[in-house]
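I've put the structures underneath this note.
Note that subunit A is present in both complexes that follow, paired respectively with subunit B and with subunit C.
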Partner chain A sequence: MSFLRIHAQPGRTAIWTLSWSLFAAGIVLYFYVAQQRHRENPDDRVMPTIAQMVRGFSDAALKPAAEEEVQAASGSSLLARFRTSMLWTDTLASGRRFLISVALLFPAVLLGLHMAMFPVIGAFFLRFILFFDKIVALSLLPILFIAFGIDELSKIMLIVIGVTPTIILDTFNLTKSVPREQIVKGFTLGASDFSITYRIVFKQIWPRVLNSIRLNLKAVMLFLFAGEMIASTDGLAYRIALLRRHMGMDTIIPYVLWVALLLFLVDFAMNKLNHKLHPWFQER
Partner chain B sequence: MLLPQLNISLDDLTLPSGRGSVTLAKRGTCFRSAASIALAIGLMASTPVRAATPSFTVGWSVYVGWNPYYYMAKSGILRKWAAKYGINIRVQRFDYAPSLDAFVAKNIDACAMTNMEALDMPAAAGVDTTAIIIGDYSNGNDAVIVRHNLTLAQIPGKQVMLVEKTVSQYLFERAMAINGLEQQIRQVHYLNTSDSDIASAFLTNQSKPVVVTWKPLVSQILKAKDVKVVFNSSQIPGEILDLLVVPSEVLNRADGSGQKFAKAITGAWYEVLKLMSVPGPASNKVLTDIAEASQDSLASYREQLATTHMFYTPQSAVDMASSAGVKKTMDLVRRFCFQHGLLGEKTKSVDDVAVQFPDGAVLGKPERIRFRFSTAYMQLAAQGKL
Partner chain C sequence: MLERAIQIDNVHVDYPVAGQASRSVLNGISLQIESGEFVAIVGETGCGKSTLLRLILGEEKPTRGRLLLNGCERWQPDRHCGYVPQKYSLFPDKTVLDNVTFGPEVTAFGAWSGLRWIRPLQMRLFREEALRYLRHTGLDESDARKYPYQLSGGMQQRVAIAQALIMKPPILLMDEAFSALDSATRTGMQRLIKKLWRESGTTVVFVTHNTREAVCLGTRVIALAKNGDGNRGSSIALDLGVPDLDFDSEEIDIGKLVREVDRATARERPLVYN
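Right after this comes the complex of A and B.
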């Protein structure tokens, strides 16, 4: 049998079983330990059971975030209740910061592209960005506070400072990897500097750059969480920081899964869009 | 979380056997870690294979009233007491929040925390907890600081920086209540700020007028211009207690090792406090060593001690624990915790997490006692019977 060989061709059922088996193992292990802890201590909060997590999540998703709105919300439809819930308001607040930060990554792509294409721009930026990339942004917080305050701007800048150098350098490398011959050929066919940059080079690297941004979504989220835990009045990480004060793991775990789901969906959508826009692009 | 425990088990097994420990120590770290892994596997596989002497871990975090634990371990005082009772005690520094997490998860056997956290973290999470040492109370360490001579009455509607749902918020809301502003608390906008960044965040943001925090951050903030303290914990004396808590099940262990542990740590604690309480420069050496725990200078540590009411003698701590004041305080604290949901969503009544006092009196449902004040060990220390 070539079951474990390179030539192996597992069937659909085999693939399905294999790909879900680690999930199953993780879930089973979790609930086994949780069960044991609850037998020892019925009030255990470190590892909540399914029932507790469902209750925690439905409270988070259906109960109004602010106490003043209790009257207004009770009796209205499920959707209306969801829209005033703490889960939704937190998601909106964090989502806004997330989208703004991701949008700010796109200028970084252009910078990387130009750095690689135009030697003078490259000479000006490259060394500095290589250095800047190694700086641990989180340790410079007090300076960030002076420059950007402690409201929205500093959270977004923390993400930008943390993630853009990676994107710039990645774009730079991708651009450099485009064969020189293509550029020479473009020139012989009479292309201008900019048409080579945008119509030959950029077009080729763009799907890869999108992939690189996809890979950095988690870094964006990490910095966002760090920012929200430092100082904020709303947001997903703000809620988790507060819940930690009394070990509200029954809500924290569903929150973390919710964040993972959202992040997965964003990633999935970007991947789909990427392949829709560039049907010729084969990498995953 | 597992690793430190593995190391203890290694130490336990090697230290008493003299020679064996020497050979182990001479080999490289490689061998050591390999040995500890092998041991860990062995320990996990067969529980009866226990270390000869029971060992205990005490978690503490940096705070003026808890730094003595660092000195206790460093000076050898703790080892002396542990040896007297035939046990091993290890002291480990944590950040505050992780120390609470470790205690609730039962990874450590004792932990330094305030009365409020003892109630809303372990007790509310079903870990029956006993306070065996009342170390001190905050007598000005926690403070509400404002810019531009603001008064408490002007704070509603403004932003207040603090670590939400901690003693800081308790202090602030008590300040408002004492000054007849209880109704206006709802108009205050809290800005949840991590304690590691709160000083720099407040100092660099002129637009934020109020901050509530604790020393040494308070001292740092007060060096700035145009800020002043409008309320501090000396105005609610005895309400923010700093304790050493132990899971009740550890104290009740059948082999009596938990009792030995409580006696040893209490004995060591009061020996250190005796050294600290010597007036004048005679205690400089000890206090310098204690200040080292938080990388502080002697002067700074003395300044923090000035706003901390240490119970230097066991008798004074026993008197405090047996006073009516503690009952009143715990009632205020448990109501605060319940109102702010700190006892958990599941807790439907403030009486569901009950507190028992040394005289046997109970706040809440007697069948749901989760937090106990014990004077037993401090009493023994007072009588010199440890």
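Right after this comes the complex of A and C.
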């Protein structure tokens, strides 16, 4: 049983096999159960078969979203058809909201940095942010819809309210964890408050802040989906909520996997970029 | 007459303790350090050596008393003092060369030092000077492109010394700078700092808990000792002038000096050996 010990050193093949085995088991189990259900009831809509899901996904990814585009898309290339499809228009709508929300996290990072660096700013904001962080963002949803209407602003505000306190407090803690010696050293080398904040502290914490944003991407998506499901006319979550009414599991499941894949790719790209841009950063 | 680099007059440092009387750390310290001296401050753990260093650095304020550097009071750390701590002495996100050029850059370019690439000529001069300092501390050009995590502890401290000395500070403060190094590296670093001190004429204040290191390095050894059970803070137990010696010198009995300083630091709390 040495392979179960702390000092076990699995080879590359073993690691590859182990890391994919749960995916394989999940897929096999799903299709086995789906097949059993369809054998008992051929009209079962809860667990679509692989053929139904392929059909549902290709309809979503290759058929035009709007009636007026049907004419234009017929006979055009696969890429052109994908760009007029329901999946692509939904992805674009959700992606735009997602990017605006992630961009709005940057001021939160700067606020956290300044709160930790400058005691007066910290004293002014910290208690309020700590309280604000405890407010359950989803409970504010009705207030946001009343205050900002049911358009884009309320959905983006929901994400901002839900995620920014965490990012502010995370950046605050990361800044506080920079050893005092580094700041003192900066002063003895002639650096000003501005240079110490941005050229010493911010540069040191930035890779960790990026990691923190990476870990919060799922929370961003969660609030985005909540907003889209309740009040929207497009977006990935809007489509999932719409298809739920028709028990469209053959499209819902591929949509859920598509969202997970997109998030996984964004996370993967951010991690790779983080280590490429900061070769000194050792944390994995 | 030599200019007085550091003047400490009857300094007390007390720390407030919740629900109790404040705890005294330093109790009436008075000390004059002339320009160009190499002063080693030695004492037991917790006797206030590092507190005294932070006072000189301007990082901490005395509860009572007065502290002047070259005749002026200072309210926060600045270029007047170079600083080499035991740990975290280098910026981990910068290469060795960027660590050493950081001081000259921020001094020359101020808040716009991030835009250093618009001054290539000046940056080249800074790099050349940094390389000169690195060579002086025993590093070569191939180390200049490395990040701190790629260097050994001894090499990191060499870079930290180059980083501090390139600013030509009138006072260099070293806080247990070699404590984390192995014996052989430590001896090499001790020889290096002594050589650099002789060449530069900078005033050095070197805090250590190692009595032998203090005696071998300093031209003056200040021993701090706790008063009573430590609740009354520490004060100076011994102020000893030591000849400027080479490490392998046999002119004086270093062991005798070490014993003398050890007796002073343990004045009220003698160490018992079984």
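Everything below uses one rule, namely that the second predicted complex is superposed on the first by the 283 of 284 C-alpha atoms of A that agree within 3 Å, B and C clash if a C-alpha of one lies under 4 Å from a C-alpha of the other, contacts with A are read in each partner's own complex, and residues count from 1 in each chain.
What we mean here is this: a residue touches a chain if its C-beta (ideal position, glycine included) is under 8 Å from a C-beta of that chain, and two chains touch if they have at least 3 such contacts.
Just so it is clear, the structure is predicted and the values come from calculations on it, not from any experiment.
Because the two structures share subunit A, they can be overlaid on it, and in that overlay subunit B and subunit C fit beside each other without clashing. Contact with neither subunit B nor subunit C is seen for A:L261 once the two complexes are overlaid on the shared chain.
Contacts of A:R244 after superposition on the shared chain: subunit B is touched, whereas subunit C is not. In the superposed pair of complexes, A:L130 makes contact with neither subunit B nor subunit C.
Within the superposed three-chain arrangement, the count of touched residues of subunit A is higher for B, of the candidates subunit B and subunit C.
Shared-chain residue A:K185: touches subunit C; no touch with subunit B.
Judged by the touch definition given at the top, the superposed model places A:R199 against subunit C, while subunit B stays out of reach.
Within the superposed three-chain model, A:V54 lies out of touch with both subunit B and subunit C [touch as defined at top]. Look at A:W280: by the touch rule set out above, it reaches subunit C but stays clear of subunit B. In the superposed model, A:V33 makes contact with neither subunit B nor subunit C. The superposed three-chain arrangement places the nearest Cα atoms of subunit B and subunit C 44 Å from each other.
Subunit C makes touch with subunit A in their complex at residues 57, 59, 76-79, 81-83, 85, 87-89, 91-94, 102-103, 106-107, 110-111, 113-114, 147-149, 163-164, 167, 169. Within the complex formed with subunit C, the residues of subunit A that make contact are 179, 181-182, 184-192, 194-195, 198-200, 203-204, 278-282.
Only residues 97, 101, 104-105, 120-121, 124-127, 161, 164-166, 189-194, 197-198, 200-201, 204-205, 207-208, 341-346 of subunit B touch subunit A when the two sit together in their complex. Against subunit B, the residues of subunit A that register as touching in their complex are 41-46, 52, 55-56, 59, 141-142, 145-146, 149-150, 229-233, 238, 241-242, 244-248, 250-251.
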